[in-house]
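Note that the chains take the letters A, B, C, D and E in the order they are written out, and that residue 1 is the start of every chain.
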């Protein structure tokens, strides 16, 4: 179990750096969604199923939705 | 302070939370794009949540859902999870509000890059 | 220049944070200070106090229900703020829908 | 979006998402879940509906005047149950001691005011998320 | 014993009213205004009833759900928090009375209901923050407070205010996340969320985890420091407070910042305790930043020409005074700091309200344009004058008394050099406030053409605005003449901070 934990955390860090580096905002948001889903997985490992469900529904679902709407109303590329 | 691989493996969640915190802060501070800043804020928030939930974890314990009469089995500390539930909802509230502000700023200035907005503002001041 | 400065500052912060981990209680230990009489109370007395198998549910809606009221208020506040800023007047739109 | 398959699939899937959302809400005190994930899942169904069928039709599913009432009543249920505790001579938000029926272990209607508050909050979260979504989507 | 529930009644009343407002169908009319004001009057009556009860019976703890301390959430209702609640409600009453006419020309009429919803949520969050004795509960209130306080700036919907509120939101959110991280670190080593229990536990563990506690307090103080605008972290404040609608500026400068300062006071004294704070060097840092704030805030204020920006920078300096008192870590220091919390709330509200009505009538914000304005608007400028005299610290105003107490406290703590800082800052205050007053009152009356009244509302300030300003100004004088009304209550509350 521990090794899965380590892999997930490393994935999180890589995803966070990828979000920071990506110029395309839409891709950044999608990467952030996968980050949230992996975070939900990590919380299942940490025995917090309620938090995992909430993160999957709110963090990954609703937040992404809002971001995508706002990007569609503004601009997709970072300068 | 000898850094061993064991130490690294044992505390991976704390280390991950700290690293994510700093990456999020870096994103917020250096990127002029407002949406990127909001994503950075979200990364910071999730990192703190990760830290919080990790505090309550006990290796080998079960999720805090008990059966009657079996309360004696080891379960993880439920308090951090309950707090983080609150925290996630707070985070979505802040994010939604920040995004609506971004929409308004885009309407007003035509851009969401902070440095371009600053240029527009200084040009307006000189007029 | 500012970017390098930020980088150095955050690097320093990261270093301080990582050093502090060596002092923290180790992850996943059952004798860490956070697992004290309070969490034991939730685990042992929770089923009796609230009759709810899901302890997290018991905490957020009973033990710390006031937090949840605050949480609901945060959502309410967020909507009030978003509506206040995006400022779409809804009464007219509802009428427009009825015409169709 | 004018794709027939998407529309049909949405219509088919919609009740199941809503059922699951309601399930998660009302079993909040028995299994993982609760007001916030359940409300968000329920909201996702309406969000999906709006995305597929457009904002105007989507808004009819949950008009603004309904959603604002739902939000207000969600907080009011909380306050009323809280004040009941004071009325019975205890503190704000007292559950068992204030005489709420505890019921049978593991039933939906047990654990005093927990399921009722969870349900009210779940509906509130649902309408809050949908309102956020609709308000963001509206163009001037 | 219904009195012990009064804090809850105040909170639920404010929250319930805030949730009802969006359901209003009628336009913004007199009936709604009367209801709104009576809600505040009812809560004020309850706050005063609570104050009398607390003075008689002493501080008590209110636990939610009838659970024992630490299991559930706890409110610690002590003399100072009840006094501060009463002050918050009084000032809110006057600001709202002022706002009824002022808002008409500052924000879009269709948003007035949203504005009042946000204001009542802001009051709810602020009063909750004042009472709570639970760190996570405090975090929730901090978030409500930060969302509402940003929203009441952005609601003006001008380019400036949108940008200022975005800056405030980003800084404020970083602040609250940082605070949460600090809370996590504290929870990690103590296992409690209740402040009283943390204080008991931290005495036992602080030698085991000194770095951790220092780091946690660093996070918490940075976070709340951003929100309270202590010197190096203040740069969002002038934009935000000056571009907001006038009632919002008065709320933000007069009350919201104070709520964060009080939270810091709680964290330093109730959670970590003065002994450990002094031991890990926390109070020294606070003193340094306080002195920097006092000096730099005044210096920045000198260079501003916009009247609202000048007032905003002066807030930074005044927050420095409060921190100076907190950093002394003595009985006298903390009572002086708490006194200044109250006195500055009145002074800054009076200043912002009068500056707002100058802008309301003439549309002028530049300091130089204000010469001779006292002939056109005598009431407003009198209130402004009272506020400035208070800021400078002329006797018979509340500002003098708070500087007096601060001076006594720094002498008592054996740090007379701080007295010099206070004197220098008073001098700087005089330097940037007095020219406005002098030119407004003493310069010869300009011809009618130069003061062009841009207002569409008429040629005078509406009566409700005048009355509310005058009463806030009277508050400054009353506290200045009879400081013991406030000081006696504060002295009763000091033992809850320093055991």
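Things worth noting here:
By our rule, a residue touches a chain if its C-beta (ideal position, glycine included) is under 8 Å from a C-beta of that chain, and two chains touch if they have at least 3 such contacts.
Keep in mind it's a predicted model, so treat the numbers as computed, not measured.
Any chain touching chain C that also touches chain D appears here: A, B, E.
Using the contact threshold fixed earlier, the set of chains in contact with both chain B and chain C is A, D, E. For the pairs A-D and A-C, the count of C-beta pairs in contact is higher at A-D. Inter-chain centre distance (chain D to chain E, centres taken as mean C-alpha positions): 36 Å. Computed from the mean C-alpha positions, the centre of chain C lies at a distance of 26 Å from the centre of chain E.
Between chain A and chain B, the centres computed from C-alpha atoms are 10 Å apart.
Residues of chain A in contact with two or more other chains: 48-51, 54, 58, 62, 66, 69-70, 73. Along chain D, residues 31-32, 34, 36, 71, 75, 79, 82, 92-93, 95, 105-106, 125, 132, 135-136, 140 each make contact with two or more other chains. The multi-chain contact residues of chain E, meaning those touching 2 or more other chains, are 15, 19, 22, 64-65, 136, 140, 143, 147, 150-151, 154, 157, 187-188, 193. If you check each pair of chains against the touch rule, the ones that pass are A-B, A-C, A-D, B-C, B-D, B-E, C-D, C-E, D-E. For chain A in complex with chain C, the touching residues are 48, 50-51.
Listing the residues of chain E that touch chain B in their complex gives 136, 139-140, 143, 146-147, 150-151, 154, 157, 159, 162-163, 165-166, 169-170, 173-174, 177, 180-181, 184, 187-188, 193. On the side of chain B, the complex with chain D involves touching residues 63, 65, 68, 85, 88-89, 96, 99-100, 103, 107.
Listing the residues of chain B that touch chain C in their complex gives 1, 7, 10-15, 18-19, 21-22, 25-26, 29-30, 54-59, 61, 64-68, 71-72, 74-75, 77-83, 85-86, 89-90, 92-94, 96-97, 100-101, 103-104. Chain B meets chain A in the complex at residues 9, 12-13, 15-16, 19-20, 23-24, 26-27, 31-33, 35-36, 38-40, 42-43, 46, 49-50, 53-54, 56-57, 61-65, 75-76, 80-82, 84-85, 88-89, 91-92, 95-96, 99, 102-103, 106, 111-113, 116.
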